[in-house]
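Lettered A, B, C and D in written order, each chain numbered from 1.
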Amino acid sequence: MTATATASTPTADNIKGWSRRDMAKRLAEDIPEGWYVNLGIGIPLLVSDFVPADREVVLQSENGILGMGPLQTKRTFDPWIVNAGKQNVTLKTGASIVGHADSFAMIRGGHLDLCVLGSFEVAANGDFANWTTSLKSVPAVGGAMDLAVGAKRIWLIMDHTSKDGRPKLLEACTMPLTAPGVVKRVYTNLAVIDITARGFELVSMTPEITFEALQARTGAKIHRKD
Amino acid sequence: MAINKIVQSFADAMAGIKDGSTVLIGGFGAVGQPNHLLDALTEQGAKDLTIVANNAGSGRETGIARLMDMGRVRRIVCSFPRSAGSVVFEELHNAGKLELELVAQGTLAERIRAGGAGIPAFYTATAYGTYIGEGKEVREFKGRKYILEEAIKADVALVECWQADRWGNLRYRTSGRNFNQPMATAADLTIVQSQHLVELGDLGPDDIHTPGIYVDRVIHVPYGDPPAAAPLAD
Amino acid sequence: MTATATASTPTADNIKGWSRRDMAKRLAEDIPEGWYVNLGIGIPLLVSDFVPADREVVLQSENGILGMGPLQTKRTFDPWIVNAGKQNVTLKTGASIVGHADSFAMIRGGHLDLCVLGSFEVAANGDFANWTTSLKSVPAVGGAMDLAVGAKRIWLIMDHTSKDGRPKLLEACTMPLTAPGVVKRVYTNLAVIDITARGFELVSMTPEITFEALQARTGAKIHRKD
Amino acid sequence: MAINKIVQSFADAMAGIKDGSTVLIGGFGAVGQPNHLLDALTEQGAKDLTIVANNAGSGRETGIARLMDMGRVRRIVCSFPRSAGSVVFEELHNAGKLELELVAQGTLAERIRAGGAGIPAFYTATAYGTYIGEGKEVREFKGRKYILEEAIKADVALVECWQADRWGNLRYRTSGRNFNQPMATAADLTIVQSQHLVELGDLGPDDIHTPGIYVDRVIHVPYGDPPAAAPLAD
């Protein structure tokens, strides 16, 4: 638990670790063929660029698309197809459309193998906070809380620390929760970390850093896998 | 005589909507927005409205934003009130002139579906243990905790679709289905603007997204395509 | 309340009153254009034969048909279309099909203007019993209880008395209820009777009988309309 | 590699079904019955089953009736157990060898839909104040009384459809949709017999009744038409 105390002090840092594209690629490679996956708005959507071409993964968008393809181009333009981030996207061959009630029934009924989300904070008990940093101004929640409890697995893709060096992987979240106890794995710029009954467990880390330096940048104990 | 739900004017489409009504408004992003019906509702003049929609509008000139800007809305129930362009919402809400009920998007969809299906309330894991779930009844089933959510049943639903016939059978075009489909089922008066009118029987029995029983009025509004979401790559 | 006492004594009876087809015709004429109507299995289905040809009424069948037409003939045979009574029926132009969950959402959500059912008994408070005469053997319920609470109006079509002359319109049902307090109107071989806050209210009756004789065959007071 | 849910044998279709499973069985009347899958399940040998279906089978030679007659079923959840021909059900139930849970048809459909939608329980007016509702929790919403019903989530669903592709996207033919559609969503293992196999993309995105996410295995069983319900007039 001394790690926590150390880590809550901002750490002067010139270790950048993996880029967002590296993180997305690493995560994409961990998705097996045939999984049904929802990618949150923003960085998570990058994951779709890195799913190996010979691997069929079916992307869901919470506004009712199953089988979402890449962003539209001028050549494929169809303004009637948008994803949850309200971008114009394509449909893959085999795609299907449902309305919002059926789409969220799919999400909340435990049918997605994986949902990848960004996050402000994650705790060693699997709590995470990704919908608002504060309740002072009016927050917007969208489908985050539904995805958080509905998918079989929640994986987060996020920076390991804030810009001023404070850890985002914590003993307990400080921001309003999206859902308690649901995160299974976190992909950061410094490491890939599972969340198990023991708390954070290291899967892999960037060679730019030592385990001790990683621990120092993390707000709760990191266990090594047995 | 025959059933004919097609009306010829916006005034007929909006007839009878009362002050104080709860109004469901379909659409997600720029797609499937019943903007012409919203403008007609603004014209019609009903006020003190509660509106239920995924977003709280953007800009000031049209749709939900205009209805709110005209001071017709007392309360909004939505999942994503704040977005680029939600200026009217923020002004009114900050000034204490517009109540907000923030609902998770899936819970919103399910509450509306429940309203149409005669389910007064259901349990869901969504928002348990969060700010949104605070104060709601918690109950455990098979070792997992859930909160109780009540149905949303409205006076009016405004819906946009691709094809409609005189019985009110509807088909939506791809992402235009969104909230339009559940909302069509959950109001006493469901009003539809349709890009195309088709003959009864043109829509095959296995291919109808919203059976006509849910629809009260249809008006033909062939407005064309929604705007592109953002500039596209070549 | 003396009526009740009188009526519970079997009444030797050679008044037949209206035939089933008469009852069905009378009921059909009371259905306005544009109503969505579910007709229960058996006698209620007869009603569809008597809806005036120039009046569009949309029939629902609880296994997912909206816009049910007449029974199939050899000429229109399609074994893939059945109604709730498992008869091969036709679809009208404009018909739509949904699955069982959506069909019962339609029924239970209050979207049907009318459901017509047969019944063993009905009470002056709107209770009725039509699903089983006894719980001794294994009963089957089907969709009766859903229709009973879901439709905007429940109208019953039934004999006024049992074969041995006992009233079926009662102060309180003796058989297991299908639903409490939902019946709005009863079409019998002797009369058409509304159920209001006062109880049974006479709408019309066969000229073969007097009001007193009708009352004697009824297990609760019949009020005349004001 | 590619996703391919199509299996070539009934043994592959039934692989892994365990004793004690809860099995949803689609169909209504003679239409949409997954009879070939039921026979394959009988062959596969799993026993001590709970089955959920609208009816309790008829005859003795096929389908649910045969599965029960072979002693594989411990409990049945259905709305209409007794009908012409339900001889096996009556024998076993009367002999105390088969438990029955009688559920109103709409509640059955909604409980299954809830199982697929992550709703652990909901309130319904159906069966309040009746024998079937006895002992269930009663609660009032807006002045009306409802009973609490819990979701049905199963180990296996057996489904019949008209068209299927290798992703498991399904379309049903008219009355064949029935319980097949909600049941496909509510099991850990959904097995489908399809009259036709089609290429991926043949089913339009707006025309799919069951998205492939709900389906695990598809087997091609072009058995033709169900029998006529009764002799027809000329």
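Going forward, a residue touches a chain if its C-beta (ideal position, glycine included) is under 8 Å from a C-beta of that chain, and two chains touch if they have at least 3 such contacts.
These figures come from a predicted structure and were not determined experimentally.
Asks: For subunit D, which other chain has the most distant CA centre?
Replies: Chain centre farthest from subunit D's centre: A.
Asks: Of the pairs A-B and B-C, which shows more C-beta pairs in contact?
Replies: A-B
Asks: Averaging over Cα atoms per chain, report the distance between subunit C and subunit D in Å.
Replies: 30
Asks: Can you work out the whole-Å distance between the CA centroids of subunit B and subunit D?
Replies: Computed from C-alpha means, the inter-chain centre distance equals 33 Å.
Asks: Report, in whole Å, the distance between the mean C-alpha point of subunit B and the mean C-alpha point of subunit C.
Replies: 36
Asks: Can you list the residues of subunit C that touch 2 or more other chains?
Replies: In subunit C, the residues touching two or more other chains are 91, 97-98, 104-105, 107-108, 149-150.
Asks: Note the residues in subunit D that touch 2 or more other chains, in rising order.
Replies: 110, 113, 117-119, 124-125, 172-174, 177, 205-206, 209
Asks: Can you work out from the touch definition every pair of chains that touches here?
Replies: A-B, A-D, B-C, B-D, C-D
Asks: For subunit C, which residues are in contact with subunit D within the complex?
Replies: Within the complex, subunit C touches subunit D at residues 62-65, 71-75, 77-82, 86-88, 91, 97-105, 107-108, 135, 137-146, 148-150, 176-180.
Asks: Within the complex, which stretch of subunit B touches subunit A?
Replies: 28-31, 54, 79-83, 90, 93, 100, 102-107, 109-110, 112-113, 124-132, 172-182, 209, 225-230, 232-234
Asks: Taking the complex as given, what residues does subunit A use to touch subunit D?
Replies: Checking each residue of subunit A against subunit D gives 33-34, 36, 54-56, 58, 60, 66-67, 91, 93-98, 104-112, 149-150.
Asks: Spell out the part of subunit B that touches subunit C in their complex, as residue ranges.
Replies: Answer in residue numbers: 1-3, 113, 115-119, 165-167, 169, 185, 200-201, 203, 205-206, 208, 211-214.
Asks: Using the touch definition from the top, list the residues of subunit D that touch subunit B in their complex.
Replies: Of all residues in subunit D, those touching subunit B are 110, 114, 117-125, 139, 141-142, 144, 146, 150, 171-174, 177, 205-207, 209.
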